[in-house]
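Order as written gives the chain letters A, B, C and D; numbering starts at 1 within each chain.
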């Protein structure tokens, strides 16, 4: 961490500031005195140093972090890729492209089981489906809740596909015992109380990037979970909010190679939410495969026009068949280069 | 709601689509057949109609909402201003400019009581102070929690100022019995499970706008609370995330007159978080007073450089004295015009 | 175009408003009178109707465009792909992936000729290189100007590669006689006087999307050029400005399939400016190939650390060799599917 | 400027890098060697140092500018406020709130003269009016051009109000001889060729902030003009592009106090373009007065519903009367505090 001090500070004040730093944090401080300004360099465990606190000191002009503020998620301290393995077939982060597919929300036994069978046949190794649905309007359908979880379990029993589904409140956790991967939605990415609790859960967490969160903030939220002891975190880029209104969100495709460099955690893409438009799902999925994502999470519905939510961005099982084939071919090409 | 259908649709399909609409929602449908396209107009309770569901229908080209999707928060159905009154002096929304002030986080008995006394003397009618603090990093100070709430109560006992403090999880609610106004932070603005619970709480809720949430989404989150029966909601603009990096956030000052027009709920501004810089707090507070805000929530710390959080944006009690005087003068001028 | 009128308007006013519409524009107006509001539907050449003018009328509640405001660029009226062909090998928009490569700025004869030879050997069919450089600071190197254009011509003479270079002012046009493709930079995307002049130029225009311009605005700027008679426009997505600060810009990869659907013009991607970081160029180029772009424009420098501009985002000729091979393989796979 | 080098660099390389820096720029370099990394501090004229060039060097980890990259616009080197004075009454930057008012575009002699007379009577000291209009669509009305300038002169002759009008191309400059203040629109804020030419013009320049430009970029564009010798630059905040769609742009009210601190140039606000909605103009103008702006530029039209452009955001002369009175009262209150 580099701290630039304001001009012409009294020597005494600088000295007592440095003493405070070494007392408060596990760091050593190097001082460089220029003609007009003094610069301090902090070495040691600067992840624990609070930038904002430093910036608030009256003698400080500005603060620049050199070291990342996340530790457990940091590839520098954990060079090998984290591989999340639910069963022999259902693996994320091993170099393959994992396909997680299913409807936005679970609607009926028939719906979830038939979609599950179809996406499995196409190559998906995880079943997604929402039982608890975050909705902007209090008047909109918000999922079948406990009943939806039961139906997911039936689909799992029939197909063997592990379940990925969203948790919206820690109170619902007891219902999630048979869930394989817990999804945390974009709107809860900085629900810190929830993240803290997930640190004590023994299941992989699929953590979606918030609508307007930076890559670093996503990693800090992963760090919350990991700091509690749960290191099985899958990061998901699902589009960010920008000024462009054609799509619901703007897919930040660059986030994949950046995250792969900064962290050892697997990174997947959700082209369905990123665009909100079904005809964009396939090209974005192909881009994700080419850019090096570890997986895709895709909304597939047997009858999108009757979907209880997100119909406009859902693709049909037939479309998913084609998509799976194509992304498979691109992955094979890219990995073989 | 106006629905534009795709070109050249079979009459039969259009008919069955219209039947579905009238069956599913409490609306009547008017049809206008143009040369190339057909447009449907829906009348009735369209707030309950799900745009996305409609947009997903294969015969639909586009959907345009004419009526707002919120009802209880809508000024059209409730023309008179909602006034939130905690006690005789502590009122928000009655035409005055309410001042809510205090430290980012409660740190000690002495700190909270001395700040409380100072801000009260300057004209504040509410005491703010965080006991549960949302922090980006799991390694940062996250508040004194239950102990912090106890200290707030002591400051209230000493000064008579009602308490405004943040709730991060519904599980903490029992601790908030003596809290006067529950604050919901920007990062929880779309924590729908939490919002739903707040609908059953008999206390005013100070709801902060999310970092990247639209004005309509803020109103929909207020609607969540109101739909549950709690109509005492105070809206707070606290800066939105934009590409500009000089300030932590960009204060959307226009949100005040827009919200005042769309809703009957009171609207306040948080210039401290909006800027993240202490020397911007006063000019932004003056702008807020001039633009018609119902109140201000401001971070005041007896010693910002030793604040455990948000020191860089906190002002001192002396600075608050001056600010209170100035915003009072501007409010008097503007209200008198 | 759908116009929703305000509630309870006098019949006379509505009538005279409709008369104005039919007198002023080549449209017919259909009226649909609902219980509370009146909706007008305009048919005909609504691209010429000014939304803002309509929205300013006192009886108008809101306006919604159904038809796109661009005509010549619209795929609906020109379903076949536009193919820009400079010579037998240098073609953009024919289903292949065109590679445009070269240094950010032309620095010397040796530099431009050696880079040109290398990128040609790797498969590039166009040479890029800046002679006039837009720079944020008036004190930064702003290109060799006329001399730079001469050096580009020499590189063209040696390699046969057609030249793509940026025009910043119409006054420089006489110098561009031997330039093959004129590039208009992001900061001039809405320099309407310049665009209008380009309508009378008989050369392909490579039009870059502005930092904060929507897809529709990009198409409207293309329309400016096309309206003047020059229909050879190549669109270029080069990253948009968002709140994310890790990269210089955020590549909006979705813009490619969206533009390919809305317009018949070819669409290319600039991964160098989109990221500003050399190690992101290859993965983003692969994503561009997979998503269906018609070409790539890439900064290649023989010695990036001595580049007079954009060194941080330039790749070396060796890196370009690998990139060209990889994107070729992905294009082959995707086009073959 | 602080340069952090990558870890474990050879001493020789560091030495030759430092030699390059001192040779290339007028700086002295101080070196601070930490346990793991080496940090360099540059002193001297670092405004001339190109961050990007430095960042591209292979041994550089990151670069942080301590000194601002603008000089002539920098308050540090020019502490006193710049006052732009066109005549005895028409002054911007002297502590008063200058009012610049008039229609979006000049439409007829009668229109411009009658509006001019009305805004003068209300207290405006400058007349605005567009003769050359930047329009997104090539099919929209783009101003009366030379004829419009003639009409502005007539209005000036009648009222004595100096003229503020937009220049879109340097080729039109000869027509602007009688124009008092040249406006550069948001879309041309980074038209560097135009800015450079304006450096040689002996008239004040009203420079609008671009749709997605940072405060620093605005200052760099002012620096372009000033570097050429023209130091009479007025900065104008007119709303920036964000994700919020209720308003056309988002007024960045904080830009005023920030700019007033960073630069000695006067700063005004355009509440008409910032919102795009006529009923927002007054509250935003009041906020501007309170926050410390040096002036306002406001669209006033005798008949907004027949305005050839921007009718939806224009206010009437009667509304301007009230606005002028109110902002006068707020200015008096704020300046008197």
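Here is the rule we use: a contact is a pair of C-beta atoms (placed from the backbone, for glycine too) under 8 Å apart; a residue touches a chain by one contact, two chains touch by 3 or more.
These figures come from a predicted structure and were not determined experimentally.
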_Between subunit B and subunit D, how many steps is the shortest route if every step has to go to a touching chain?_
1
*Where centres are the averaged C-alpha coordinates, which chain has the largest centre distance to subunit D?*
A
*Just curious, how far off is subunit C from subunit A if you go by their C-alpha centres, in Å?*
32
*Mean-CA-position distance for subunit D and subunit A (Å)*: 39
*Provide the C-alpha centroid distance between subunit C and subunit D, rounded to the nearest whole angstrom.*
27
*Counting only residues that touch at least 2 other chains, which ones in subunit C make the list?*
212, 241-243, 245
*Provide the residue numbers of subunit A that touch subunit B in the complex, in ascending order.*
47-48, 50, 52-53, 55-58, 69, 134-142, 168-171, 187-188, 190-196, 210-213, 217, 220, 223-224, 227-228, 241, 304-305, 307-312, 314
_Under the stated contact criterion, what part of subunit A meets subunit D in this complex?_
2, 4, 28, 30, 32, 34-37, 39, 41, 43, 61-62, 64, 66, 212, 241-243, 245
_Touch list for subunit B against partner subunit D, complex_ = 212, 214-216, 240, 242-247, 250-254, 256-258, 261, 274-275, 279-280, 283-284, 286-292, 325-326, 329-330, 332-334, 337
